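Read through the structures below before going on.
Each of the next two complexes has chain A plus one more chain, namely chain B in the first and chain C in the second.
Coming up: the complex of A and B.
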């Protein structure tokens, strides 16, 4: 009986959506306006957002047109004031009933197209344009009336800085490109649109500065973008994963940011930016490993301070990966390394802990990841409360109940805090922290060194769009080092990084 | 391809060349802080270990120690015997001291058990070796620590801080003991500890050093003797010199030693060998009970001369005492010839220790007062 019901349901849905199965090429525009409107209704059948309105000229009631648009995606003011109003009140004769006259002399729209192509029409109306159908006319006017609601420009939550610009990208592609264009006022800035995604047909903008861009990278990027074949693109990560490169890598191959100032900085160094409609995150390529440790804020504060911050981030990355395994290596293999008072201290702590240190470390790291994940998933206030519960209650209680050694909690704490310094490297941190820990538990410090070597080799082998993520020592130039581990003052940074662009001069030598 | 396999094999073989790759949790050890060596009877050693008592140590009481004893025909035998009591592996990585009973050192010599300590991989070669003046070495471990609950660490503190707190002593590490025992023209001198009653508690106290003939204990040097002996072997780090000025106005003077440098030189005259010890001391004038408020350079020069004279006579006395008592060459004078003129050393080697008492040693002192530490 159950099965019968299921079958019946399926049949019903099938009959309802059957009309949609016809592809666009089955439809043809005709000269008769009523037929065109009927066809339009059929194409967008079951989508109640479609609005179709008949507009009649007041001086000549025989003279009329239909406009079709999607509710909510258009700016109603533009439709009322610039399409309906002029069409209604203008003095039109029968002679005027031709598309050129209407588009040139009647309606006030900044951007319009005449088209017979149904594909373009559908794409236009779906992205917020208004279609105008005229009597006895095979062509249709596609009028730009885009005006949907989007989030206001605000500071990105994930990339807050103390000083510097506070604007962040929004979900609207056009707003995002404008934010970039406002910062680079030159004809050298190029913005190229593409549609990617068979179903979503998402707009993707490739953005670069022609005079400084690395053409090899640009060509490679365009080739890879054109090669994408997927039904939907909802966020930058779809693209990053699809065109990042061959093979598996725990490291990012494209830099993503929500900050227009960061993107502009990257463009000026010769990189290419990819903006995706519907995502506030913009990716730039090629991505160098050192960028994981750089923050836009570095350029807005004192150079010395920025340099120290960068070095701390780099140290923090290795601390968060190495501390747990280092602790185990010393604790369980190389006791001679510990100073005597500390040795006795740890021995006293460990005396009461039931699990061996290695296993305990695994469990505690897992619990830490658990708390971290829960903290992120929980909405605002609950997340804070949860982390307090996790850190204080569980940590303290575990030590007092003598389930975990206090030194272990300290190690986990250091690991966790250092890990927050480099959120962009999260996946590699997680992978290598456990990998090195595993090796260390097996064979001690030797395993630690083996694991660390694998990490370093992996980092050195990373590539992004044909550019090595870590430069080879033999190809490095003194100019390139000025903005790596440290940041020199702007007076000293004369050239752009040579491996990214051919046009190196950034500023005049003595300027 | 062959190359690749070779490289992989080399890398893999390194895995088996490393030590310490077995997982042993820190809590699986019995931590030994110090070892005392006595003899139970003619045949058997009696070893006393001071171990950290982890189960009774906590934040309120601090670290508590316990003593465990074991016997065996050899040292290693006794250590294995101790495992039966401790139920855990004894961990010597943090053992600080090895105390040797003076009777054992005097009668049996110490090279027998030094052999084990230097062969064993788990004992640190920087462990300090010292002599107990008590009836048994274990007595020292049974005393009470003043600022430290762990007696072995307390003794270690006394030795390692001795330079800073102006105690004249030279701690000898395990590896140096072996070096000296095997060395040419050099004899062993080890620090000596005894126990005293202080405020109704038994505490350990430094009591000079013990001199050795080969590996057997020979005699003791008192505190005062050690001080001038250390001038002789150039091991004075800091310290003070006190003396009185001569003449009518007799005042006590104290000089704090900043730097001391001893240059030893020898000349061969016919068959006799003459040594010269040039001792140069730099110091601050730290105490001078004199009515004169201003010290001029002439006065300081005068003081320097008196200080040098004093120092010279005292060192001369200690060295002549050592020679008179028939000690072997604890001043390491023979070692100098061994290093500079091995041929000559080979001739002298045989009778060196016997001739040591008749050796002509000249001492030359110079004191330089750098600073009068005086506010005007």
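Coming up: the complex of A and C.
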């Protein structure tokens, strides 16, 4: 008996799934309006957000239409005032009942399309358009009535700066493109839309300035975007991982930011930006390694100050990777490299610690990562408590209990602080900190250099859309390094970075 | 983007690193004591004619590496014999440098880590570089070269106070034969070892002169070596140079900067490790390419790891101890003659003959064409009349 039930269940599920799998190509628009509406209900079966309403002309009751839209995705005011109202009060005769007449003379909508294509219809209604079905008409009007709630423009939490513009991107694609367009008022700015994702059909905008863009990069980007085959795109990181390039890399191949001013700066250097509906993060390509150390704020403060902070960021990156292994190399292998009194101090502290220095470093680094990760996941108030517990327990108590040497705590502290300087390089910091530490524990200073070499080779290997991330390494042309490790004043930045753009001259020599 | 083609600049940097290789630690040969800097120059001068032969081979076959040239000139079997010989040379040289390297670490740092671990760690970097391609090797060499220059210049400046220029005297106080033999030693180790660059010659960008690459590579390497050997002699004096196995290490040991930076010999270790990696990388690349072309396989990178492991194994068993190694260095010039002089000369002569023949053939065809066109012109002009 149960077996029979199971079989019946299976058949039911099968039929349901086959219903699900019924694709759009099985449906066809017809001349009869009632059939079209029935088909519409069939296509969006089990989605109660779909609203279908009959609108009848007041002077001529035989003259009517159907409108269909998704509740909440449309601006009701537009539908009421610009579609239903004019249609109801207009004085139309029977022979005026054709699609061109209505779209031209009756309704007040800024952007509309006639279409027979079911795919376009479904895409339109799902993104907030209203469909208008007319009697004896095979074509359908797709009317732009998009209007939905989105977050207000605010300063991005992760990229706060002291001076400079405070606006940040939102989750709405159209608002984001407008933010870019407001800053570049020229016909050279190009914004191209495409839909990606078999199920989500997410809108993706590719944005560039035609006169300066690097064509090779643009072509490469477009081909890679067209090659994407995935069911859903929910954030920019989906795209970055899918089209970033071959193989595994701990480094980013695309720069991501939430700041419109940063994106505009990149566009003006000849890069291409990719915006995605539903994500406030915008990526720009190609991505150079040095960009990890640059901040939009660098361009709003004094040039010398910006140069120094850039150099500090670069040093910080290497400090956070190297300090633990350098400490181990000197402490356990090369005592002679530091003055003897200092070494005696360290050695006396280490005497009571139970673990060998290398193992102790591993444990402490792990505990530090643990604290960091917990701190990020905690709700705001508990985070403070956690940091106190971490500082007290891991710091003072462990030293007083003679479980850990005090110098070790200092090293971990320096490592942790320097690590916060370059949040964009987090994954590579984590990987190489442990890799170099491993080699150092094995063979001392030699291992340290070997680990560092592997890091350097990995950086040199990085490519982003056909452009090397560390480019022109053998060049000593001043224009090439003006906006890299240091930032010169705008008076001195005559060229755009040459390998990114077709049009190098940024400003006239004495302008 | 092609990861194999590199510019002349990068190739020169790679060659300079290769020439400096392990020599920078010993600062050239130490047989002539205070005159050893002379052989740095004379060795380079001796090497230049040979290097021009290498460059000529590259010029004749710009798109092919030496293994493909072997196959083309000497046929499938004859070519393979040459390939085996050349691959052996690269493989053995790599093992030699690797062993030299780990002996150095062992004798200076005096730690208990087994040599095989040291060798494996170094070969890891070499494997990574080879698999990354020639472009990364070249770019990496530039960075290494900058580091080396910084270190050498810093140590020279810091050492000025401790040095005594009298250490160089008496000048030229050796027999001519001694000068000659030492120059030949320098010729074969390291200058003529650049013969291995014939295996990566197809990585040089088109239209770049191979002559310049070889000459500049040797010249830069010799200049840096000259400064290093002068520094060692001036700082250490004759007795110390004679008695130490790695003079650079000892030289830097006596340099100090105030009370804090007193023992900076660790810095030389950076030099040595980076250059050693550069040299091992080229030998590994040459050996890998050789094995791949022996079996006629296009993607040589798949062979890197097995060859690297074999190189470590050979490095382990090639000597019993460091004294053996030093002994071998004395006969090395003779051992290397077939690879550095004979094979390149043979290849060059065969290539030149073949090149001339095809040139004549081409000329012949041209002559016929010119003759024909004259006849054609005559016919046309006749018709016009």
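Criterion: the second predicted complex is superposed on the first by the 488 of 511 C-alpha atoms of A that agree within 3 Å, B and C clash if a C-alpha of one lies under 4 Å from a C-alpha of the other, contacts with A are read in each partner's own complex, and residues count from 1 in each chain.
Quick note on the criterion: contacts are C-beta pairs under 8 Å (C-beta built on N, C-alpha and C of every residue); 3 or more make two chains touch, one makes a residue touch a chain.
If you're wondering where the values come from, they're calculated on a predicted model, not measured in any experiment.
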Original post:
On chain A, do chain B and chain C fit together or clash when superposed?
Top reply: clash
Original post:
Touching A:333 in the superposition: chain B (first), chain C (second), both, neither?
Top reply: both
Subject >> Partner chain(s) touched by A:152 [first = chain B, second = chain C, both, neither] >> reply: neither
Original post:
Where does A:353 make contact in the superposed view: on chain B (first), on chain C (second), on both, or on neither?
Top reply: first
**OP:** Examine A:376 and indicate which partner it touches, taking first as chain B and second as chain C; both and neither are also allowed.
**Re:** neither
**OP:** Using the touch definition from the top, say if A:162 reaches chain B (first), chain C (second), both or neither.
**Re:** neither
Original post:
Who does A:343 touch here: chain B (first), chain C (second), both, or neither?
Top reply: first
**OP:** Report for A:441: first if it touches chain B alone, second if chain C alone, otherwise both or neither.
**Re:** first
**OP:** Select, from 6-14, 222-230 or 294-302, the region of chain B that bumps into chain C once both structures are placed on the shared chain.
**Re:** 6-14
**OP:** Please identify the positions on chain A that touch both chain B and chain C, taking each partner from its own complex.
**Re:** 333-334, 336, 443-446
Original post:
Hey, which residues of chain C end up touching chain A in the complex?
Top reply: 1, 7, 9-10, 13, 105, 109, 111, 113, 117-118, 121-122, 124-125, 128-129, 132, 136, 139-140, 142-143, 259-260, 262-264, 266, 269-270, 273-274, 277
Original post:
Considering the complex alone, what residue numbers of chain A touch chain B?
Top reply: 331-336, 340, 343-344, 346-348, 350-351, 353, 356-358, 441, 443-446
Subject >> Interface residues, chain A side, partner chain C - complex >> reply: 333-334, 336-337, 339, 439, 442-447, 449-450, 453-454, 456-457, 460-461, 463, 466, 468, 470, 473-474
**OP:** Could you please specify the touching residues of chain B with respect to chain A in the complex?
**Re:** 14-15, 18, 20-27, 29, 31, 52, 54-55, 57-58, 63, 91, 93-94, 96, 124, 153
